[in-house]
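Chain naming follows the written order as A, B and C, and within any one chain the residues start at number 1.
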Amino acid sequence: MSDPSAASIVSTPRPEQLTEASSPATAGPVGKKEKPRSLLGDAWLDLRRKPLFWISATFILLFVVMAAFPSLFTSGDPTATSLSRSRVEPSGDAWFGYDVLGRDVYARTIYGARASIVVSLLSVIGTMLIGGTMGIIAGYKGGWVDGLLSRIADIFFGLPFVLGAIVILTTFNGATSNNTAWQIMGLVIASLVVLSWPVVMRLMRSSVLATKEADYIVAARAMGASTTRIIFKHLLPNCLAPLLVYGTIMIGSFIGAEATLSFLGIGLKSPVVSWGIMINEAQNYLRPSPYLLFFPSAFLVTAVLSFVMLGEAVREALDPKLR
Amino acid sequence: MGRYLVRRLLQLVPVFIGTTLMIYLLVWKVPGDPFAGKCGDRGCPENYRAMMTEKFQLDQPWFVQYATYMKNLLQGDFGTTWSGREVGDIIATAYPNTLKLAAMALVIEAVIGLTAGVLTGLRRNGFLDNLVLVSTLFLIALPVFVVGFVLQWFFGVKWGIVTPTVSNEMRLTELILPGFVLGSASMAYIARVSRTSIAENRRADYVRTAIAKGLPMRRVVGIHLLRNSLIPVVTLLGTDLGALMGGAIITEGIFGINGVGRTVLRAIVTKESATVVSIVVVLVLVYLLMNLVVDLLYAALDPRIRYE
Amino acid sequence: MRVSKRASGAIAMGAAFALIASGCSSGNDDEGGTSANSSDGAIVVDGTEPENPLVPANTTETGGGKIIDWLWTGLVEYPNNGGAPQNALAESIETSDSKVYKIKIKQNTKFHDGTVVKAKNFVDAWNWGAYSPNGAQNASFFADIDGFADVNTSDPDGDGPKKAPEPKAKEMSGLKVVDDWNFEVTLAAPTAVFPTKLGYSTFMPLPDAFFSQGAEAFGKKPIGNGPVSFVSWENNVAIKLTRFDDYNLRDKMKIKDVNVKIYQDDTAAYNDLVSNNLDFQQQVPVSSLAGDNWKNDLGDRAISSTTPSTGIIAFPIYDKRFQNPKLRKAISLSVNRQEITDKIFFGNRKPADSWANPLTPGAKPGNCTACQFKPDEAKQLLAEAGGFTGQLKMYYNADASHKDWMEAVAGQVKNTLGIDAVAVGVPTFAVFRQNINAHKMDGAYRAGWQQDYPDVENWINPLYVTGGSSNDGLYSNPEVDALAKQASSAPSLEASHELFAKAVEKIDQDVPTMPIYFGGQQSGHSVKIKKMELSNVGELDITSVEL
């Protein structure tokens, strides 16, 4: 489902963390003694040993380079049309074939990485930052702050994604607007963030709710640790894992959501290329020319998989219980 | 608990007003004259637009329109569409269909997602684990219209296993395929969450104790492990119903289901605010109530969470 | 014109040729049995939700228009083969000067509520449609009639605060009831094409019930006088029609029930059609056209036809950059229409080579010299015009499937002329239309035209005459105006067609728009239907259906 509002993963209270007061993540700061390794250093040592991490990281690096410097990979022009080679099948000359307008599918797929990766990555980061902050505040403060923030989140969450996106994007990205490709990207990212943060907030809030009563938090508070310190040193590391899992999956659904917005004519527009746009364009030719769908989908799925694998590896490294 | 419930129910009121107001404003902000596109490439005569604008009070400021709408809503009148049909009637026919579809999707995603999650959670990093990971990710990554189209083509048309579209009677067997398509994205989440949950609890003390006691593995998994791991999954499923109902737009279109998703989409495009707000209001109410139920479930299932 | 509102198949328009469904005419041994089945048979056809209550003068989109065409029979009818109109409900339409028409209707035909169709039903209906406070979408069709200006006033300042003044009269002075079966129409100026227009749905009679119930209530349960009567309308689900047994005109129903199933998505309808769950789909989806899949899927159930419609890209002549005819011609000459119809439409549409669709009576084929593909001449003309600065935007509405061909046109212009041409999608048709109506376009834009009634006049006056109802680009050439005016008031249709041909020659030099393709329609029917025809605009002629 390319609709992130449908993709609600709301509550994963992690009760076990309450009992895990002896994990390295918490032992150090409470005691304030010399600690052998930091949490991140520990995780890094763990990560280095995982092939999964290296494979996924390589792929992601590849995609990021592709997004930054597409001309390294292809000399073709992704927007040059020529109907005379319309829907010419993949061959030695054109590895991925040509689309219905005679554009080089390989060049388009390479150039498509930029919009897809930038939009999905930035949207996920934005969603995480806003949703995470609100979630921590709501969960930690509780009381009326929690009530207020949760109700605001309810309002945004109740809003169907398509409605919100149509309104935001048609208002700012209408027919006669002269937005540049980057401005349109910014608007797409903004609407994805605005409509998705409540999910992350609820996730974070329930994690914080489950964690904040834990002994080590109570202990830290008793020792006079400041709120900031408790949040950043104690709560955040312990609540990050479910967020990471969700975030990595969300990258995938955001790439799809970007496709839906383009489909509705309110997202990215040509001459910008993205995998979502390519998949949309391919749908009418699914039966005679399935390769038009195959190549962008394959890149998209590989990218999504890489992010999820990376997230998984990092999560396991951060979570000592799974060692 | 009782006071908590009352408080939460009271909190629904501002959320309800906030949502209707926001949606009303948003629809009002959608650019375009709702009557400009109704006459094809010929364009509509000025008099037609003037008459319709006056009839629906679109020349009034937005807060007057909103107040009129809310006043009628509180009296149970949802308003009419531009074509003069009662929005109340539309809701009455479309909602049950969407609800059936969403319920079917929920059942399917729960069954498949949980099975996959439990199997992979018990044997992590095996072949099956990776297979499930890849296939569920595929379902998330591919836009739903592609999944829907491909499955409908093969199962409905090519192999003739099911009817390609859903009839107005909404038979159960017809709903399996659309239910799968609608639930496919959430299925992956369910599988991931239950996998994580099972994997973690697998190492919990009580599981070790149960195994040490010599209980058969089936009993350990079925009774101890599953029950404790299901808490996050059940709460996730609870809130998903509302999300599925709102997210069924594309699935409903592919399988020709007369549900709220398509109605809302069309109403947004034509700025039919009465229809949009009314349908979304009911959606939001469903979502808010499910939320409340889930929050209460937290407390009931997990004694560590308290509401005072 | 009527436009289809369906999200993806939106170029669905109509077909001009009567077609007998293939594989139906011969080899049916149990004729007797079949016809017995046929007479109480029922069919399911695809449709879209009507956008307005079903009132003839207030319906311009295909979803409701098709139902109205089935529910009503007008004074004249357009034969399925696209030929000249014939009398249907009219006994005779007589005129000596093309200005005063004496219309005599057939006696004792009935509305579905049992009341008799009388002359006053026409006169009342037309007066209602023309009266501006009623806001009928098709009011302008009555503009030929004397006294129209007195009943139809317009807002003096557009969207401004002032309201349109109350019309001076409620009835047009040009309409006069003689007796129950005769009435007289006086036009403001001689118009030879007037009798041809009378078959358009705007001119249908309305029963007395319409005036007692009010338009909105009537539109939910319409009462017509056609071969089928209205049974029920369930929102977004189905509209049910059944044979009207008291119908005594030519085109009686051969089956009993017609169930119009409302689809949101034409692919869903298509899959039902392939599996024989749907009996007729007027336009199969674009996704089935690629690679001729629809012909493989449907076999001899596939029906290919052409429609009197043209896909056009229009120039906003109010924009300074587009005021040079040489530039417009250069752009038009740089489009390879043949390649577009072959590659984008898979040969299902034909490259446009004339200004009016050649299926239309009076249209001259091949009279668009600007429609050829001449890259060298195009480059030269562009140079003479002083080039083009900035981005050449070509707008289309993204809620229908126009993206591919618009991008192909933009690509060709870019390749041939080296102009930075891009196709730009506007999210919704409403916004698209609003910008066009307000004359705010800063680039060329897609338009489409399907004839309302079969005469070349319908392709010139609304589109290319100053002040024409759909002359959205504000093209104005006094010579064209004069010739068109002369043509419209010519004493005979032949004379009128000759004068229009001269007007078209002038238009061809100015290139106010670019005709790109002529419409084609790809339909399909189920195995159940043994015989059927399409109407002149490509709708199913339900009275021809045999099972």
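One rule holds for everything that comes next: a contact is a pair of C-beta atoms (placed from the backbone, for glycine too) under 8 Å apart; a residue touches a chain by one contact, two chains touch by 3 or more.
As the structure is a computational prediction, the values presented were derived from the model and not from experiment.
When the interfaces A-B and A-C are ranked by how many C-beta pairs touch across them, A-B comes first.
Here the chain at the heart of the shown protein, by mean C-alpha position, is B.
Computed from the mean C-alpha positions, the centre of chain B lies at a distance of 39 Å from the centre of chain C.
Centre-to-centre, using mean CA coordinates, chain A is 21 Å away from chain B. As a whole-number value, the distance joining the C-alpha centres of chain A and chain C reads 48 Å.
Of all residues in chain B, those that touch two or more other chains are 31-32, 149, 153, 269.
Multi-chain contact residues, meaning those touching two or more other chains, occur in chain C at positions 287, 399, 427-428, 431-432. Of all residues in chain A, those that touch two or more other chains are 166, 170, 174, 283, 286-287.
Of all the residues in chain A, the ones that touch chain B in their complex are 1-3, 5-16, 18, 147, 151-152, 154-155, 157-164, 166-167, 170-171, 174, 206, 209-210, 213, 242, 245, 249, 252-253, 255-256, 259-260, 263, 276, 279-280, 283, 286-287, 293, 297, 300-301, 304-305, 308, 321-322. Residues of chain C touching chain A in their complex: 286-288, 290-291, 293, 336, 339-340, 342-344, 395, 397-399, 401, 403-404, 407-408, 411-412, 414-415, 422-428, 431-432, 435, 440, 442. On the side of chain B, the complex with chain C involves touching residues 31-34, 36-52, 82-85, 89-90, 93-94, 149, 152-153, 156-157, 160, 163-165, 168, 252-256, 258, 262-263, 266, 269-271.
Those residues of chain B whose C-beta lies close enough to touch chain A in the complex are 11, 14-15, 18-19, 22-23, 26-27, 29-32, 133-134, 137-138, 140-146, 149-150, 153, 182, 184-186, 188-189, 192-193, 196-197, 199-201, 203-204, 231-232, 235-236, 239-240, 242-244, 246-247, 249-250, 264-265, 268-269, 276, 280, 283-284, 287-288, 291, 294, 298, 302, 304-305. Residue ranges of chain A in contact with chain C, taken from their complex: 80-84, 86-87, 100-102, 166, 169-170, 174-176, 264-266, 269-271, 281, 283-289.
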